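By written order: A, B, C, D, E and F. Residues from 1 in each chain.
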Amino acid sequence: MTQLMTEDGIRCDGRRVDELRNISIKVGVLKNADGSAYIEFGKNKILAGIFGPRDVHPKHMANQDTGILRCRYHMSPFSVTERKNPAPSRREIEISKVIKEALQPALILKDFPRTVIDVFVEVLQADGGSRCAALDAAAVALADAGIPMRDLVSACAAGKVADRIVLDVNNEEDQEGQADMPVAMMPNVGKITLMQLDGILTPEEYKTCLQTAIGGCKRVYEIQRKALMEKYFQNGEQ
Amino acid sequence: MTQLMTEDGIRCDGRRVDELRNISIKVGVLKNADGSAYIEFGKNKILAGIFGPRDVHPKHMANQDTGILRCRYHMSPFSVTERKNPAPSRREIEISKVIKEALQPALILKDFPRTVIDVFVEVLQADGGSRCAALDAAAVALADAGIPMRDLVSACAAGKVADRIVLDVNNEEDQEGQADMPVAMMPNVGKITLMQLDGILTPEEYKTCLQTAIGGCKRVYEIQRKALMEKYFQNGEQ
Amino acid sequence: MTQLMTEDGIRCDGRRVDELRNISIKVGVLKNADGSAYIEFGKNKILAGIFGPRDVHPKHMANQDTGILRCRYHMSPFSVTERKNPAPSRREIEISKVIKEALQPALILKDFPRTVIDVFVEVLQADGGSRCAALDAAAVALADAGIPMRDLVSACAAGKVADRIVLDVNNEEDQEGQADMPVAMMPNVGKITLMQLDGILTPEEYKTCLQTAIGGCKRVYEIQRKALMEKYFQNGEQ
Amino acid sequence: MGSVILDQLKRDRILDLLKEGKRVDGRALEEQRQLSIETGVIPKANGSARVKLANTEVITGVKIQPDKPFPDLGDKGILICTAEILPLADPNVEPGPPTEDVIELARVVDRGIRETEMIDLHQLVLKENKSVIGLFIDSSIINADGNLFDACSYASVAAILSCTVPKYEIKDEAPVLVEGVTSKAPVQTLPVSVTMARIGDYIVVDPTTEEEACMDSRITITTNSEGNICALQKGGSNGFTVDQLVRCSEIALSVGTKIRKRLEQLMQDGKE
Amino acid sequence: MGSVILDQLKRDRILDLLKEGKRVDGRALEEQRQLSIETGVIPKANGSARVKLANTEVITGVKIQPDKPFPDLGDKGILICTAEILPLADPNVEPGPPTEDVIELARVVDRGIRETEMIDLHQLVLKENKSVIGLFIDSSIINADGNLFDACSYASVAAILSCTVPKYEIKDEAPVLVEGVTSKAPVQTLPVSVTMARIGDYIVVDPTTEEEACMDSRITITTNSEGNICALQKGGSNGFTVDQLVRCSEIALSVGTKIRKRLEQLMQDGKE
Amino acid sequence: MGSVILDQLKRDRILDLLKEGKRVDGRALEEQRQLSIETGVIPKANGSARVKLANTEVITGVKIQPDKPFPDLGDKGILICTAEILPLADPNVEPGPPTEDVIELARVVDRGIRETEMIDLHQLVLKENKSVIGLFIDSSIINADGNLFDACSYASVAAILSCTVPKYEIKDEAPVLVEGVTSKAPVQTLPVSVTMARIGDYIVVDPTTEEEACMDSRITITTNSEGNICALQKGGSNGFTVDQLVRCSEIALSVGTKIRKRLEQLMQDGKE
């Protein structure tokens, strides 16, 4: 059992309770995808690629009245400690669904009837908070694909470790901590579009944890914005 | 090894050789299904639900000249002693087929071209004779769905236990007895629409066993009829 | 460990280095198939059956501009020493693909747009070189189906055993030898349409091995030709 | 299709009612439907329950049998919750492998029981790292009319409470059933999930299929006996404001308390 | 399509012939097609047979290998029959997982051998509850022209009769092959299935694909060497009268007796 | 569609260029694209590499863990190569079970490493017939622009070279990790695959997607450090002349030598 926090409130990876892990985002990293991004979020290494809006296959899945959004969250076999079977697990299927539902409010699918937007996320290396990091990359990749969006989607978890509410739960804290609460939001619209909780929180802690996560999302948003700016403006493109 | 019969011809569950287990049937138990029935047949607890005639999906399975009948016999994971994997077993697929073929002669599918009638049977608790009980419920559910039928289909097994031909084989008798013969018939038309046999019978016993099963079917028919009458006439409905 | 070759250059099954195993081919052995052949090649016992050109199911796989070729190489569960699971293995899927690509150059698929030619190969008993034997049977079966062909396809392996290049590697030589090189060719056109290699060859040995295999293909071709002649001319048919 | 127009009309009607504080079926916004819980309905299972939330109806059975522990979890028994929407429960459900909706459903039910630590899994170890007791909690939905989350959750909890756990001993490295000795499941707390839908600016508890069809988003919050929040899942293709999320947690606690009283009764009396 | 009209015309023609006691291929109603049985066709298998019923042709191989017994059946060896209609056997068959028809076929063949207790499975135990011998009896249909049931059943029985069972011993808890020692399979009786089709009021034995396409219903009855009826399966989308079922059992016994003589010959001589 | 006409036009253009000894992207016929190899890109894996062949990009990770040996191969460790074309790598790829193309890809990569005997599998045995070390070498293709064979092959070899193999010991019949002790993988030779396409009478090395779309046939030849030819796979729906096959082997050796030098550097320095 790792000691998760020192008496001085320093966490097992050296961070303070309100500190994010290192985050870096690169935009437009894949040649074939219509949009893409690569994120390193702590030890998470995640790619997101977008195709669409494009024709739906199989055709009977197309909707005359609106575009549809599909999402696959997938982990490479080498991404976790014990080799992962490449077939999608129930966990991956659930995360694909909540990521899809977290992105959907930011899109204007009605404008693209009969089409699909495909979001493919590949976790090359997983650490705590991979679904949040995946979402952060996917949102940036959607923007990179030129798809009109109401807002970005920014995600970050908070949690409870050694009886304290902490920002951005890492792998050890996720395994042995007391609670993990991944949150995604549209930072300008002010809407929470993903929220899950595993662990035990008092009602007071619940509110604090949510606010802490939101604070994290806002800092992630700045990093996402900067990454997009770097590609589209500093390089003189667009 | 259970003793399956006393010297006085009393079976392990206290019945005489020509005695049915307790049977009760309730009609119209499911809100969403077009027709439904719930049967308790000994310790069997089985639901049947009907949808249709309705459009066929996938479309290429539709037949221009006739309606089609589909049947799924399925056991809940908790229905048997050792937890059952929820995926359909080969046994369930075979029983689905013989149930379908036992019901089909009672239906006038030619009158509903391009449509499907779906029969879904769920075994919540299984005892000996679950396929017969499932058929009894399914036939009543088809009637409850208002689907025109040439006749009901009534099913009951007979078998050989402790060297005697017995009616309505229970679980212990099925496991350790000498023969099990499930039979279904259209009682008014007088046609046998399901028949299987596992075990060893002399030609004479074969005839006796068949007649015993038919006797059982006829008694089941009265119970089915009463259940339908109760719903449609005693309650003043229709 | 078997001794694979005597000092006199005699192989474990009594053959010389340049000797084929016994090969016999029968044409038109299946009643329902449009064309068929049965080959015994050493201890290999393989059936090939052809259907087509015929409509494609599912329809969306059809190609407006050309016919398509499909191939299934499959092993019966009893065909190998340890019982084989009947579901197709990755090895069978790969062999199906290379067989398809070996036959395709001999066919004029453009002449049959929107159709499919199905080649079904069943290995009833497997010995070394089953993919070559399967190809030999499949090519003859295609001819038997009356499908226009640029040339037959004839296949035979060569390899390296006990430091010598040998023709037509058998099972023991495949398991314990130094190299196995299956080759298929259109003997009159002079084109190699299948080639694989597992094992270690010097560049010189590589050339010798290839020439040895080609020599084998040509002798197989004569046997294929004779088998077709026997069916179509000696019996006075056609 | 025209279904888009119809859907919009239905949503308008539901929203109009909500403005007046009403719902289509006459309930208040934070009112659950009529809940019935019956245990022991599948005598051959080790535990079972039938739960109805008005027309939503589910049967859950618990099977208990020795198993190997998961790697790295050798000091814990096994707990697995599954769910199936039977095709007779819903005209839109087809037989086949579980859809993403059903996988989410089962995992949310599972986490509600797991994260509250309802069962002390350490008590289910026969021999560390080698042999443990497994609880398989399978829910068969037999009529679907919305809020399958809570129906399956209550049925799973009630089925566990009704469990008779057989005793196993290790003999010759293998677990052997000890006939005639049973115990209750080692229950530590009572998880209660409360599912809410947001429709426009309104939060409604225990949505029906009709309400789910036009909701903006969904949330399921599970609380424990100590009044803590232990598991949460947001669903649906839109979001919540922070205020709404705080409000939802308060509703989950207050509605949960009522349900928990009924489950406590069940635990003490063996029946309601 | 027009196939409905064509099917009806074919049925009319078949029925017209049946009224005169004739069948399309010239057989009497209770006459089987030409049956050939050849064993040892797959030398690498432990047993094998090729059976032809005129154009219906099947090859069955038996593989024998040590295995773990089924739970609760620790005092019995394993016997599993499977069947596959190879896609080269029939233009309507597609590669893929077994259809319900093929699953029924395999299970009927399996039950015919299992329920007659053809093989004394108790003799296939190496160490009770731990290690037994398994017989895997796999049938590959290479040309399908009706009555796959009997073709697979005869081929499976003949393949078992031709078996060379290797000897295994338990060493260090694991089964080890004893080289050079083999025995026959422990056969107790000879199951023979007879499949009949009802077309109108007529019962025909060993139906062809053409007859199956227009039959009302089907029945397969398996009898043993003692003249008992041991397994039965009704198929097809219509039924039988009781009289017809009794008549079918009589036919199964009389036709079965002829087939059994040929199998007995095979058992004694190792070949026909 | 019109795609047939377009494809033909593209082929004509490519052939016209080839007649002048040129390719669309300006390369010589026997010239590979810009190759970059980076190792250690997935620190949590035991070994890893990212390889780019211009726009074709793959990440390979190696996982090492104890396993049971294959039956009859009890004196060898386990080596398994897989590949997946991620759906984000190619607009035409859909999620789902591996297609025949991907299965062939993985098997060709696997055989290149296996048949050259790159790794001495005998050194990966913990207890003969009972427990061995397994190397799982999984390639995720993240951008597909032709010649996935060589990209996956180089990435797999580089990932193996970068491996840190943990030490396991057998205690109480089970493998136990020995903390803090690691070694390099027991590498015996360096396999290098070279993939060529035939377009008309021309052989081009390292084809792009565009070239693959109009090629006649394909060949992948793997050589080892000693200058031998160790694995070969012909693909595509046409063939080769014998002269072409000999020429291809010469190209494979000469191009392979250049690549091998880079891999040797990697092996010695731990990086390029």
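Following the convention adopted for this analysis, contacts are C-beta pairs under 8 Å (C-beta built on N, C-alpha and C of every residue); 3 or more make two chains touch, one makes a residue touch a chain.
In this text, all values refer to a predicted model and were calculated from it rather than measured experimentally.
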Self-check item: Any chain in contact with chain C as well as chain E
Solution: none
Quiz item: If we look at chain B and chain F, which chains touch each of them?
Solution: none
Quiz item: Which chain has its C-alpha centroid at the greatest distance from the C-alpha centroid of chain A?
Solution: E
Exercise. Kindly point out which of A-D, B-E or B-D repeats the C-E interface, defined as over half of the contact pairs being the same residue numbers.
Key: B-D
Quiz item: What chain lies farthest away from chain F once each centre is taken as the mean of the Cα atoms?
Solution: B
Quiz prompt | CA centroid of chain A to CA centroid of chain F, Å | solution = 32
Self-check item: For chain B paired with chain C, centre-to-centre distance based on mean C-alpha positions, whole Å
Solution: 52
Self-check item: Centre distance in Å when chain C and chain F are each reduced to the mean of their C-alpha atoms
Solution: 27
Self-check item: Where chain A touches two or more other chains, by residue
Solution: 82
Quiz item: Hey, how would you classify the chain contact layout here, line, ring, star, complete or other?
Solution: ring
Exercise. Could you give the sequence of chains met when travelling the ring from chain A by way of chain F?
Key: A, F, C, E, B, D
Quiz item: Which bits of chain A are touching chain D when the two form their complex?
Solution: 64-65, 82, 90-91, 93-94, 96-98, 100-101, 104-105, 181, 185-186, 190-203, 206-207, 210-211, 214
Quiz item: Mind pulling up the chain D residues that touch chain B in the complex?
Solution: 41-45, 48, 55, 59-63, 65, 82, 84, 86-91, 94-95, 97, 136, 138, 140, 142-145
Quiz prompt | Residues of chain A that touch chain F when the two form their complex | solution = 30-33, 36, 43, 45, 47-49, 51, 54, 57, 72, 74, 76-83, 86-88, 118, 120-122, 124-126
Practice problem: Write out the stretch or stretches of chain F touching chain C in their complex. | Solution: 1, 4, 71, 100-101, 103-104, 106-107, 111, 115-117, 217, 219, 221, 224, 227-242, 245-246, 249-250, 253
